[in-house]
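Chains: A, B, C, D, E and F, in written order; residue numbering restarts at 1 for each.
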Amino acid sequence: MKISARNVLKGKVKSITHGAVNSEVVVELPGGTEITSIITKNSVEKLGLKEGNEVYAVIKSTSVMLASD
Amino acid sequence: MKISARNVLKGKVKSITHGAVNSEVVVELPGGTEITSIITKNSVEKLGLKEGNEVYAVIKSTSVMLASD
Amino acid sequence: MKISARNVLKGKVKSITHGAVNSEVVVELPGGTEITSIITKNSVEKLGLKEGNEVYAVIKSTSVMLASD
Amino acid sequence: MKISARNVLKGKVKSITHGAVNSEVVVELPGGTEITSIITKNSVEKLGLKEGNEVYAVIKSTSVMLASD
Amino acid sequence: MKISARNVLKGKVKSITHGAVNSEVVVELPGGTEITSIITKNSVEKLGLKEGNEVYAVIKSTSVMLASD
Amino acid sequence: MKISARNVLKGKVKSITHGAVNSEVVVELPGGTEITSIITKNSVEKLGLKEGNEVYAVIKSTSVMLASD
(Lines give C-alpha, C1' and ligand atoms only; values in the text may rest on other atoms or scores of the structure.)
Protein backbone atom coordinates (compact mmCIF):
# COMPACT_ATOMS: atom_id res chain seq x y z
CA MET A 1 0.00 0.00 0.00
CA LYS A 2 1.44 3.40 -0.96
CA ILE A 3 0.37 6.38 1.13
CA SER A 4 0.29 10.12 0.43
CA ALA A 5 2.12 10.98 3.66
CA ARG A 6 5.55 12.18 2.59
CA ASN A 7 7.57 10.61 5.42
CA VAL A 8 7.57 6.80 5.63
CA LEU A 9 10.65 6.17 7.81
CA LYS A 10 11.87 2.58 8.25
CA GLY A 11 13.08 1.65 11.76
CA LYS A 12 12.91 -0.92 14.59
CA VAL A 13 10.61 -1.02 17.61
CA LYS A 14 12.84 -0.20 20.58
CA SER A 15 10.19 -0.19 23.34
CA ILE A 16 6.43 -0.35 23.87
CA THR A 17 4.82 1.14 27.02
CA HIS A 18 1.11 0.42 27.44
CA GLY A 19 -1.13 2.98 29.17
CA ALA A 20 -4.85 2.65 29.98
CA VAL A 21 -5.95 3.43 26.42
CA ASN A 22 -2.87 4.48 24.51
CA SER A 23 0.57 2.96 24.04
CA GLU A 24 3.86 4.75 23.64
CA VAL A 25 6.09 3.15 21.00
CA VAL A 26 9.73 4.25 20.60
CA VAL A 27 11.13 3.54 17.13
CA GLU A 28 14.88 3.55 16.48
CA LEU A 29 15.84 4.86 13.05
CA PRO A 30 19.13 3.93 11.31
CA GLY A 31 21.90 5.98 12.93
CA GLY A 32 20.27 5.86 16.37
CA THR A 33 17.72 8.69 16.18
CA GLU A 34 14.68 7.71 18.24
CA ILE A 35 11.14 8.81 17.39
CA THR A 36 8.18 8.36 19.74
CA SER A 37 4.65 7.56 18.59
CA ILE A 38 1.49 7.44 20.70
CA ILE A 39 -1.16 5.18 19.17
CA THR A 40 -4.05 3.23 20.71
CA LYS A 41 -3.42 -0.16 22.33
CA ASN A 42 -5.77 -1.63 19.69
CA SER A 43 -3.47 -0.37 16.95
CA VAL A 44 -0.43 -1.97 18.59
CA GLU A 45 -2.32 -5.29 18.60
CA LYS A 46 -3.69 -4.74 15.05
CA LEU A 47 -0.14 -4.24 13.77
CA GLY A 48 1.19 -7.08 15.93
CA LEU A 49 4.05 -4.86 17.12
CA LYS A 50 6.80 -6.36 19.33
CA GLU A 51 10.20 -5.09 20.42
CA GLY A 52 12.73 -5.65 17.62
CA ASN A 53 10.05 -5.63 14.90
CA GLU A 54 10.62 -3.70 11.69
CA VAL A 55 8.14 -0.80 11.50
CA TYR A 56 7.54 2.38 9.51
CA ALA A 57 6.99 5.77 11.18
CA VAL A 58 4.47 7.55 8.92
CA ILE A 59 4.37 11.36 9.26
CA LYS A 60 2.67 14.01 7.06
CA SER A 61 5.16 16.69 6.02
CA THR A 62 2.78 19.35 7.31
CA SER A 63 3.00 17.76 10.79
CA VAL A 64 6.76 18.32 10.92
CA MET A 65 7.61 21.72 12.40
CA LEU A 66 11.17 23.10 12.34
CA ALA A 67 13.04 24.98 15.07
CA SER A 68 16.45 26.61 15.30
CA ASP A 69 18.54 27.97 18.18
CA MET B 1 12.83 27.08 25.03
CA LYS B 2 11.51 23.64 25.98
CA ILE B 3 8.44 22.37 24.13
CA SER B 4 5.83 19.76 25.01
CA ALA B 5 6.16 18.02 21.64
CA ARG B 6 7.85 14.70 22.38
CA ASN B 7 10.06 14.51 19.30
CA VAL B 8 12.73 17.21 18.91
CA LEU B 9 15.10 15.57 16.39
CA LYS B 10 18.43 17.27 15.67
CA GLY B 11 19.58 17.24 12.02
CA LYS B 12 20.97 19.29 9.13
CA VAL B 13 19.10 21.13 6.35
CA LYS B 14 19.76 19.11 3.19
CA SER B 15 17.61 21.10 0.75
CA ILE B 16 15.01 23.89 0.61
CA THR B 17 12.52 24.11 -2.28
CA HIS B 18 10.40 27.26 -2.34
CA GLY B 19 6.82 27.15 -3.70
CA ALA B 20 4.42 30.07 -4.11
CA VAL B 21 3.46 30.12 -0.43
CA ASN B 22 5.06 27.08 1.18
CA SER B 23 8.57 25.71 1.21
CA GLU B 24 9.66 22.10 1.34
CA VAL B 25 12.64 21.52 3.65
CA VAL B 26 14.43 18.17 3.71
CA VAL B 27 16.29 17.53 6.98
CA GLU B 28 18.99 14.84 7.22
CA LEU B 29 19.10 13.09 10.59
CA PRO B 30 22.25 11.34 11.93
CA GLY B 31 22.58 8.02 10.10
CA GLY B 32 21.15 9.39 6.86
CA THR B 33 17.40 9.18 7.45
CA GLU B 34 15.71 12.12 5.70
CA ILE B 35 12.56 13.79 6.95
CA THR B 36 10.54 16.32 4.91
CA SER B 37 8.76 19.32 6.39
CA ILE B 38 6.41 21.72 4.63
CA ILE B 39 6.32 25.13 6.33
CA THR B 40 5.52 28.61 5.01
CA LYS B 41 8.19 30.64 3.19
CA ASN B 42 7.85 33.22 6.01
CA SER B 43 8.85 30.58 8.54
CA VAL B 44 11.95 29.63 6.50
CA GLU B 45 12.96 33.33 6.57
CA LYS B 46 11.98 33.74 10.27
CA LEU B 47 14.26 30.80 11.19
CA GLY B 48 16.98 31.98 8.80
CA LEU B 49 17.26 28.44 7.37
CA LYS B 50 20.00 27.67 4.82
CA GLU B 51 21.37 24.42 3.42
CA GLY B 52 23.83 22.90 5.91
CA ASN B 53 22.25 24.65 8.91
CA GLU B 54 21.63 22.75 12.11
CA VAL B 55 17.87 22.44 12.70
CA TYR B 56 15.41 20.54 14.87
CA ALA B 57 12.45 18.60 13.43
CA VAL B 58 9.67 19.02 16.02
CA ILE B 59 6.87 16.42 15.86
CA LYS B 60 4.07 15.65 18.34
CA SER B 61 4.03 11.95 19.23
CA THR B 62 0.33 11.81 18.32
CA SER B 63 1.24 12.92 14.76
CA VAL B 64 3.46 9.88 14.26
CA MET B 65 1.52 6.93 12.84
CA LEU B 66 3.02 3.45 12.58
CA ALA B 67 2.71 0.93 9.76
CA SER B 68 3.94 -2.62 9.26
CA ASP B 69 4.13 -4.94 6.23
CA MET C 1 0.86 -2.55 4.76
CA LYS C 2 -1.26 -2.14 7.89
CA ILE C 3 -1.36 1.31 9.47
CA SER C 4 -2.18 2.50 13.00
CA ALA C 5 -4.64 5.14 11.74
CA ARG C 6 -8.07 3.87 12.77
CA ASN C 7 -10.01 4.96 9.69
CA VAL C 8 -9.02 3.36 6.38
CA LEU C 9 -12.12 4.05 4.24
CA LYS C 10 -12.39 2.42 0.82
CA GLY C 11 -13.81 4.62 -1.96
CA LYS C 12 -13.41 5.81 -5.57
CA VAL C 13 -11.64 8.93 -6.87
CA LYS C 14 -14.43 11.23 -8.08
CA SER C 15 -12.33 14.25 -9.10
CA ILE C 16 -8.77 15.63 -8.94
CA THR C 17 -8.12 19.40 -9.07
CA HIS C 18 -4.46 20.40 -9.34
CA GLY C 19 -3.24 23.66 -7.73
CA ALA C 20 0.27 25.13 -7.91
CA VAL C 21 1.65 22.81 -5.20
CA ASN C 22 -1.32 20.90 -3.78
CA SER C 23 -4.11 18.89 -5.35
CA GLU C 24 -7.66 18.51 -4.14
CA VAL C 25 -8.98 14.95 -4.44
CA VAL C 26 -12.66 14.17 -3.86
CA VAL C 27 -13.28 10.54 -2.87
CA GLU C 28 -16.75 9.00 -3.11
CA LEU C 29 -17.50 6.47 -0.37
CA PRO C 30 -20.10 3.69 -0.76
CA GLY C 31 -23.54 5.29 -0.29
CA GLY C 32 -22.48 8.56 -1.93
CA THR C 33 -20.78 10.41 0.94
CA GLU C 34 -17.93 12.48 -0.49
CA ILE C 35 -14.74 13.24 1.42
CA THR C 36 -12.15 15.79 0.27
CA SER C 37 -8.41 15.40 0.74
CA ILE C 38 -5.69 17.94 0.03
CA ILE C 39 -2.33 16.29 -0.68
CA THR C 40 0.71 17.44 -2.68
CA LYS C 41 0.77 17.03 -6.48
CA ASN C 42 3.80 14.75 -5.98
CA SER C 43 1.69 12.44 -3.85
CA VAL C 44 -1.03 12.25 -6.51
CA GLU C 45 1.66 11.20 -9.02
CA LYS C 46 3.36 8.84 -6.50
CA LEU C 47 0.02 7.04 -5.95
CA GLY C 48 -0.82 7.16 -9.68
CA LEU C 49 -4.31 8.47 -8.85
CA LYS C 50 -6.84 8.88 -11.68
CA GLU C 51 -10.58 9.49 -11.71
CA GLY C 52 -12.43 6.19 -11.11
CA ASN C 53 -9.47 4.63 -9.27
CA GLU C 54 -10.04 2.68 -6.07
CA VAL C 55 -8.43 4.56 -3.15
CA TYR C 56 -8.39 4.55 0.66
CA ALA C 57 -9.04 7.69 2.72
CA VAL C 58 -6.76 7.30 5.78
CA ILE C 59 -7.74 9.41 8.82
CA LYS C 60 -6.50 9.24 12.45
CA SER C 61 -9.43 8.96 14.86
CA THR C 62 -8.06 11.94 16.80
CA SER C 63 -8.38 14.07 13.63
CA VAL C 64 -12.13 13.44 13.45
CA MET C 65 -14.08 16.05 15.41
CA LEU C 66 -17.81 15.71 16.07
CA ALA C 67 -20.50 18.39 15.94
CA SER C 68 -24.22 18.43 16.68
CA ASP C 69 -27.00 20.93 16.01
CA MET D 1 -22.37 27.81 12.61
CA LYS D 2 -20.36 27.34 9.42
CA ILE D 3 -16.83 26.01 9.77
CA SER D 4 -13.78 26.21 7.52
CA ALA D 5 -13.12 22.46 7.75
CA ARG D 6 -13.94 21.09 4.29
CA ASN D 7 -15.53 17.81 5.39
CA VAL D 8 -18.73 18.05 7.45
CA LEU D 9 -20.17 14.53 7.02
CA LYS D 10 -23.68 13.84 8.31
CA GLY D 11 -24.20 10.45 10.00
CA LYS D 12 -25.63 8.61 13.02
CA VAL D 13 -23.92 7.63 16.28
CA LYS D 14 -23.54 3.84 16.12
CA SER D 15 -21.66 3.29 19.40
CA ILE D 16 -19.90 5.17 22.20
CA THR D 17 -17.15 3.51 24.27
CA HIS D 18 -15.95 5.50 27.29
CA GLY D 19 -12.31 5.22 28.42
CA ALA D 20 -10.69 6.86 31.45
CA VAL D 21 -10.37 10.26 29.75
CA ASN D 22 -11.35 9.79 26.13
CA SER D 23 -14.34 8.23 24.41
CA GLU D 24 -14.44 6.36 21.14
CA VAL D 25 -17.47 7.25 19.00
CA VAL D 26 -18.29 5.25 15.87
CA VAL D 27 -20.38 7.20 13.36
CA GLU D 28 -22.27 5.43 10.57
CA LEU D 29 -22.42 7.41 7.33
CA PRO D 30 -25.15 6.88 4.70
CA GLY D 31 -24.31 3.71 2.80
CA GLY D 32 -22.82 2.00 5.84
CA THR D 33 -19.27 3.39 5.94
CA GLU D 34 -18.20 3.73 9.57
CA ILE D 35 -15.83 6.41 10.81
CA THR D 36 -14.28 6.42 14.29
CA SER D 37 -13.60 9.56 16.33
CA ILE D 38 -11.75 9.82 19.62
CA ILE D 39 -12.82 12.88 21.63
CA THR D 40 -12.78 13.62 25.37
CA LYS D 41 -15.58 12.33 27.61
CA ASN D 42 -16.39 16.01 28.38
CA SER D 43 -17.03 16.63 24.69
CA VAL D 44 -19.42 13.65 24.47
CA GLU D 45 -21.35 15.15 27.39
CA LYS D 46 -21.11 18.74 26.00
CA LEU D 47 -22.64 17.52 22.69
CA GLY D 48 -25.16 15.32 24.50
CA LEU D 49 -24.30 12.41 22.21
CA LYS D 50 -26.31 9.16 22.46
CA GLU D 51 -26.55 6.10 20.24
CA GLY D 52 -28.86 6.82 17.27
CA ASN D 53 -28.25 10.60 17.46
CA GLU D 54 -27.64 12.56 14.29
CA VAL D 55 -24.06 13.91 14.29
CA TYR D 56 -21.55 15.51 11.95
CA ALA D 57 -18.00 14.17 11.51
CA VAL D 58 -15.85 17.28 10.95
CA ILE D 59 -12.48 16.67 9.27
CA LYS D 60 -9.98 19.15 7.76
CA SER D 61 -9.08 18.15 4.19
CA THR D 62 -5.38 18.31 5.12
CA SER D 63 -6.01 15.60 7.76
CA VAL D 64 -7.23 13.15 5.11
CA MET D 65 -4.39 11.09 3.67
CA LEU D 66 -4.85 8.84 0.65
CA ALA D 67 -3.46 5.36 0.03
CA SER D 68 -3.59 2.93 -2.89
CA ASP D 69 -2.69 -0.75 -3.27
CA MET E 1 -23.80 23.83 16.07
CA LYS E 2 -21.73 22.61 19.01
CA ILE E 3 -18.36 21.05 18.22
CA SER E 4 -16.12 18.66 20.16
CA ALA E 5 -13.05 20.85 19.69
CA ARG E 6 -12.29 22.26 23.13
CA ASN E 7 -11.20 25.74 22.07
CA VAL E 8 -13.83 27.93 20.37
CA LEU E 9 -12.31 31.41 20.80
CA LYS E 10 -14.39 34.43 19.87
CA GLY E 11 -12.53 37.26 18.08
CA LYS E 12 -12.55 39.72 15.16
CA VAL E 13 -11.02 39.34 11.69
CA LYS E 14 -8.05 41.73 11.64
CA SER E 15 -6.69 40.93 8.17
CA ILE E 16 -7.09 38.49 5.27
CA THR E 17 -4.21 37.80 2.85
CA HIS E 18 -5.11 35.68 -0.18
CA GLY E 19 -2.53 33.32 -1.72
CA ALA E 20 -2.95 31.16 -4.85
CA VAL E 21 -4.91 28.45 -3.02
CA ASN E 22 -4.83 29.33 0.68
CA SER E 23 -5.62 32.48 2.62
CA GLU E 24 -4.02 33.74 5.81
CA VAL E 25 -6.52 35.15 8.28
CA VAL E 26 -5.36 37.02 11.39
CA VAL E 27 -7.93 37.01 14.20
CA GLU E 28 -7.70 39.47 17.10
CA LEU E 29 -8.87 38.04 20.43
CA PRO E 30 -10.12 40.23 23.30
CA GLY E 31 -7.07 41.78 24.97
CA GLY E 32 -5.17 42.08 21.71
CA THR E 33 -3.67 38.59 21.29
CA GLU E 34 -3.56 37.75 17.59
CA ILE E 35 -3.93 34.23 16.22
CA THR E 36 -3.21 33.28 12.60
CA SER E 37 -5.18 30.69 10.64
CA ILE E 38 -4.42 29.32 7.18
CA ILE E 39 -7.55 28.02 5.44
CA THR E 40 -8.45 27.62 1.76
CA LYS E 41 -9.73 30.62 -0.23
CA ASN E 42 -12.97 28.63 -0.74
CA SER E 43 -13.46 28.48 3.01
CA VAL E 44 -13.00 32.25 3.34
CA GLU E 45 -15.74 32.70 0.72
CA LYS E 46 -17.93 29.93 2.26
CA LEU E 47 -17.79 31.74 5.64
CA GLY E 48 -18.19 35.15 3.99
CA LEU E 49 -15.28 36.49 6.07
CA LYS E 50 -14.42 40.21 5.88
CA GLU E 51 -12.17 42.45 7.97
CA GLY E 52 -13.99 43.45 11.18
CA ASN E 53 -16.26 40.36 11.12
CA GLU E 54 -16.89 38.41 14.30
CA VAL E 55 -15.34 34.92 13.97
CA TYR E 56 -14.47 31.91 16.10
CA ALA E 57 -10.99 30.33 16.10
CA VAL E 58 -11.63 26.60 16.57
CA ILE E 59 -8.67 24.56 17.85
CA LYS E 60 -8.51 20.97 19.20
CA SER E 61 -6.81 20.89 22.60
CA THR E 62 -4.44 18.22 21.31
CA SER E 63 -3.23 20.67 18.63
CA VAL E 64 -2.08 23.16 21.27
CA MET E 65 1.52 22.53 22.31
CA LEU E 66 3.12 24.31 25.27
CA ALA E 67 6.61 25.77 25.59
CA SER E 68 8.54 27.45 28.39
CA ASP E 69 11.81 29.39 28.52
CA MET F 1 14.72 28.51 20.10
CA LYS F 2 12.61 29.85 17.23
CA ILE F 3 9.93 27.57 15.81
CA SER F 4 8.15 27.47 12.46
CA ALA F 5 4.71 27.28 14.07
CA ARG F 6 3.09 30.63 13.34
CA ASN F 7 1.29 31.09 16.66
CA VAL F 8 3.47 31.39 19.77
CA LEU F 9 1.03 32.99 22.25
CA LYS F 10 2.37 34.19 25.61
CA GLY F 11 0.11 33.53 28.64
CA LYS F 12 -0.09 32.24 32.21
CA VAL F 13 -0.92 28.73 33.46
CA LYS F 14 -4.36 29.04 35.06
CA SER F 15 -4.92 25.36 35.97
CA ILE F 16 -3.44 21.88 35.49
CA THR F 17 -5.64 18.77 35.73
CA HIS F 18 -3.78 15.44 35.65
CA GLY F 19 -5.40 12.38 34.07
CA ALA F 20 -4.02 8.83 33.92
CA VAL F 21 -1.69 9.60 31.02
CA ASN F 22 -2.50 13.10 29.82
CA SER F 23 -2.87 16.43 31.58
CA GLU F 24 -5.21 19.27 30.74
CA VAL F 25 -3.57 22.69 31.02
CA VAL F 26 -5.65 25.88 30.80
CA VAL F 27 -3.63 28.92 29.73
CA GLU F 28 -4.93 32.45 30.25
CA LEU F 29 -3.95 34.89 27.51
CA PRO F 30 -3.77 38.68 28.05
CA GLY F 31 -7.35 40.00 28.04
CA GLY F 32 -8.74 36.88 29.68
CA THR F 33 -9.16 34.50 26.73
CA GLU F 34 -8.50 30.95 27.93
CA ILE F 35 -7.01 28.24 25.74
CA THR F 36 -6.88 24.56 26.72
CA SER F 37 -4.02 22.21 25.85
CA ILE F 38 -3.86 18.45 26.36
CA ILE F 39 -0.27 17.21 26.65
CA THR F 40 1.25 14.17 28.37
CA LYS F 41 1.98 14.25 32.12
CA ASN F 42 5.65 13.73 31.20
CA SER F 43 5.61 16.95 29.20
CA VAL F 44 4.12 18.89 32.13
CA GLU F 45 6.99 17.63 34.28
CA LYS F 46 9.59 18.20 31.50
CA LEU F 47 8.47 21.83 31.23
CA GLY F 48 8.20 22.20 35.02
CA LEU F 49 4.76 23.78 34.63
CA LYS F 50 2.98 25.15 37.74
CA GLU F 51 -0.05 27.37 38.17
CA GLY F 52 0.90 31.03 37.62
CA ASN F 53 3.90 30.12 35.42
CA GLU F 54 4.53 32.04 32.22
CA VAL F 55 4.04 29.71 29.24
CA TYR F 56 3.67 29.84 25.45
CA ALA F 57 0.79 28.18 23.59
CA VAL F 58 2.32 26.99 20.30
CA ILE F 59 -0.17 26.31 17.47
CA LYS F 60 0.44 25.71 13.74
CA SER F 61 -1.68 28.09 11.63
CA THR F 62 -3.03 25.10 9.70
CA SER F 63 -4.42 23.69 12.98
CA VAL F 64 -6.59 26.77 13.52
CA MET F 65 -10.01 26.38 11.89
CA LEU F 66 -12.44 29.30 11.63
CA ALA F 67 -16.20 29.31 12.14
CA SER F 68 -18.91 31.95 11.82
CA ASP F 69 -22.57 32.10 12.89
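Throughout what follows, contacts are C-beta pairs under 8 Å (C-beta built on N, C-alpha and C of every residue); 3 or more make two chains touch, one makes a residue touch a chain.
Please read these numbers as outputs of a predicted model, since none were measured by experiment.
*Asks:* Could you name all chains that are in contact with chain C and with chain E at the same time?
*Replies:* B, D
*Asks:* Show which chains lie in contact with chain B and also with chain C.
*Replies:* Expected: A, E.
*Asks:* Copies chain E and chain F touch; is their interface built from the same residue numbers (over half shared) or different ones?
*Replies:* The interface of chain E with chain F is built from mostly shared positions.
*Asks:* How big is the gap, in whole Å, between where the Cα atoms of chain A centre and where those of chain E centre?
*Replies:* Comparing mean C-alpha positions, chain E is 31 Å from chain A.
*Asks:* From the C-alpha centre of chain B to that of chain E, how far is it in Å?
*Replies:* 24
*Asks:* Taking each chain's centre as its mean C-alpha position, how far apart are chain A and chain B in Å?
*Replies:* Whole-Å distance between the two chain centres: 16.
*Asks:* Of all the residues in chain F, which ones touch at least 2 other chains?
*Replies:* Answer for chain F, listing residues that touch two or more other chains: 1-6, 20-21, 37-40, 43, 47, 56, 58, 60-62, 65-69.
*Asks:* For the protein chains shown, what form does their contact graph take: line, ring, star, complete or other?
*Replies:* If you draw each chain as a dot and join those that touch, the picture is no line, ring, star or complete graph.
*Asks:* Write out the stretch or stretches of chain B touching chain F in their complex.
*Replies:* 1-4, 6, 37, 39-40, 42-44, 46-47, 56, 58, 61
*Asks:* Note which residues of chain B are touching chain E in the complex, please.
*Replies:* 1-5, 20-21, 40, 60, 62
*Asks:* Considering the complex alone, what residue numbers of chain D touch chain C?
*Replies:* So the residues of chain D in touch with chain C come to 3, 5-9, 11, 24-25, 27, 29-33, 35-39, 43, 47-49, 53-69.
*Asks:* Quick one: in the complex, what on chain E touches chain B?
*Replies:* 19-22, 38, 62, 65-69
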